[in-house]
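You will see chain A twice below: alongside chain B first, and alongside chain C after that.
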Partner chain A sequence: MKPGEVNLGTSLMAVTFKGGIVIGADTRTTSGPYIVNRVTDKLTPIHDRIFACRSGSAADTQAIADIVRLYSEMYSVNFGEDPTIRTAAALFHDICYQNKNALSAGIIVAGWDKYEGGSVYCIPLGGSLHKQPFATAGSGSTYVYGYCDKNFRENMTQQEAVDFVKNGIALSISRDGSSGGCIRIATITEAGVDKIFIPGDQVPTFWNKS
Partner chain B sequence: MDHFSQGNINYPPQPRSDAFSDPTTQTLNPIVVGSSVLAIKYKDGVMLAADTLASFGSLARFRDCERLYRVGDFTVLGASGDISDFQYTTHLLDTLVVEEYYTNDGHVLKPPNIYEYLSRLTYGKRNKFDPLLNSYVIGGFDGGEGFLGYVGHLGTSYQSSTIATGIGAHIAQPILRKVVEGRENTITEEEAIQVLEDCEKILYCRDGRSLNYYQRAKITAQGVEISGPHKVEGDWQYGVKFGKYGNFK
Partner chain C sequence: MDYNGGTVLAMAGKNCVVVGSDKRLGVQNLTVSTEFQKVFPVTEKCYIALPGLATDVQTLSELFRLKCNMYKLREEREIEPLTLANMISSTLYGRRFGPYFCEPIIAGLDKNNKPHIYGMDLIGCLNYPDDFTVAGCAEAALFGMCESLWEPDLEPDELFETASQALLSAADRNSLVGWGAVIHTM
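Our next item is the complex of A and B:
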């Protein structure tokens, strides 16, 4: 990140559960200490049931997501069916790896497809690709590795998964200056995408001396 | 009239140092990395071991990362260093294996071929200042005996009966040499497993970027067998008596 560049400071989470995935993010975009956008939507649609969670440079991740969205639309036209999450993740992976020197992007690709059900793929800074049962990313994620390792279970219910993500993002926000604002959550299953918006005054709070 | 009595932030003009003035620069830093890979020749072939950790700086980021990769039917590639470059290399080798198959001339890529190819590839990229930031261990079975080679990020390559990359080169290599050198044709499978297990235990004790789960690969005339993750138990009991400094009670 260079001085003057706009940064998605960020807390991101993506979790598989029985039936699909839940993704969540904070809503703060910063440029140095100034908050450029306090209601950002970092959960970006790539296809009907594929989303990308963006952290790092706002410009870089927007540009990459736009390209992969184009490729995904062309995939449906050429092959007559939706691309799989694995395909979308591979497209992100290829761009992030081949341009690793020029990009500052940490991306989580998640969604539901009819072959694998819900899947989560993490693409950190170097452009490597990692399929995981759950993933965290962004500057705020460092503060919740312990919370996530303690509380994650395979095959949670949808409500349990939403609570897991909501609390994880809320805890990240509370300790990370580059994360904040509201929480956006999306649940993706066979039935489709369900987006939830939690305004800043309704974000869970935790121990605080006052 | 004094135009500058309140000060003018834009005069005299200064060179800027921000996102829009700096040129893009090459970065040659590895980001998500794997630690040591160990390998030895033994009576029936070769054995490799590598823990299943991919670190992001000091953070133990991905604890289920497989750093031993099968290439064709006779070779295993182990790598330490940047994981994204390792993923690129394994993908490249997969396409090579498929292309060899499609030439349909009965030849397949064997360990010495993979070794030579990686040696040329890494040296060529080093010359263009676009290196693959890995240390590779190529283990396989060919021509009735085991094959073991090393290729580094500068294009350095050599063959040896014991190989260790990363911190393992300092900590484990002397142990591997003591146990294996001179006995390559007599050391049994059990002894080979034991020495690799002992070295992984020591690396877990002394390498801050290691994990107590590791994979093992065995390549013999029968082919490739990758097993694990195996758990390593640390040895902590001596901490009951030792650990203090100075002479106080």
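Our next item is the complex of A and C:
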């Protein structure tokens, strides 16, 4: 990060459930300690049922997402059907790996397609690609490894998955200074994308007294 | 000053003062506590607010508690705000070349109930404002908020509201500040 560069401090989660995926993020963008945007949308649409969750340098991840969105649109024109999540993730992976020395980007690609159903792909800093049942990313993710390992189950219902993500992000926010503000959640299924916004005063709270 | 986080402010009104702080204690971007005290009573009518490195916040609060208690025993009266400010200033300058990383703020009423607020830098340079004084991580944001919200001769309830809104809004724009706020009105 260069001085003055804007950072998506961030807590991100993505989880598969029976029927699709749920993704969630906090809404804080920082430049050093200063909060540049406290209502950021870090869940970026790439295609109709493909989203990318962005963490790391805001500029880098925006630029990469714009390129992959272009390629995804062209894919539909050239091949006559929507790209799969695996394809979109591969496009992200290629850019992140080939430019690993210049980029500071931790991205989760998630969505629904007709071949695999819901899938989650995590691309951490070095540009490796990992298909996982659930993934976390961003500086706040380190505080919820235990929570996620304990509470994740395969084939949850949609509501269980939303609660899992909401609580995970809320826990990250409560410990990570670079994460905060509100929570944005998106559910992606065959039916489409459903975005939920949880304002700051409705974020779940946990034990925090000395 | 950016290691543990935290910010404080003090404002003067009509025969009253307020002093307030946030409640966060962190280690860089990890939040460790949401109940960390930064405003300490010195006498019934005088409070000090200590933002900055948390270890110095605690050490200085205990040091000034000692010094004020000794003052009371020797002088057989409570310390006045201006005297306390000068005492704190001398203490900090005593460590001129290895300073405490703390920028104290003093707020209180003197024996005639006239409002006093003072601020200083980490090596004891005193500031004698008649409106407000700010310190800590979000001081830049607080300057903007106080400059626009403060007006002279506010009553205690209005002064409390003004200080609260300034502190909360400034805290919302700094990732090392927040997790609640405390305001003391005198």
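One rule holds for everything that comes next: the second predicted complex is superposed on the first by the 209 of 210 C-alpha atoms of A that agree within 3 Å, B and C clash if a C-alpha of one lies under 4 Å from a C-alpha of the other, contacts with A are read in each partner's own complex, and residues count from 1 in each chain.
Here, contacts are C-beta pairs under 8 Å (C-beta built on N, C-alpha and C of every residue); 3 or more make two chains touch, one makes a residue touch a chain.
Just so we're clear, the structure is a prediction, and the values are computed from it rather than from any experiment.
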{"item": "Touching partner for A:139 - first (chain B), second (chain C), both, neither", "value": "second"}
{"item": "Touched partner set for A:30, first chain B, second chain C, both or neither", "value": "second"}
{"item": "Contacts of A:175 with chain B and chain C, given as first, second, both or neither", "value": "second"}
{"item": "First, second, both or neither for A:5, with chain B first and chain C second", "value": "first"}
{"item": "Touching partner for A:196 - first (chain B), second (chain C), both, neither", "value": "neither"}
{"item": "Which of chain B and chain C A:102 touches, first, second, both or neither", "value": "first"}
{"item": "Touching partner for A:124 - first (chain B), second (chain C), both, neither", "value": "first"}
{"item": "First, second, both or neither for A:38, with chain B first and chain C second", "value": "second"}
{"item": "Chain B/chain C common contact set on chain A", "value": "none"}
{"item": "Chain A partner contacts - residues on chain C that touch it in the complex", "value": "2, 5, 26, 28-31, 33-35, 137, 141, 172-179"}
{"item": "Residues on chain A engaged by chain B in the complex (per definition of touch)", "value": "2-5, 97, 100-102, 124-130, 132, 142, 145"}
{"item": "Chain A residues touching chain C - in the complex, by the definition given at the top", "value": "9, 28, 30, 32-35, 38, 139, 143, 174-178, 180, 208-210"}
{"item": "Parts of chain B lying in touch with chain A, wherever the complex brings them together", "value": "17-20, 22, 24-27, 30-32, 54, 56, 59, 61-62, 65, 82-84, 86-88"}
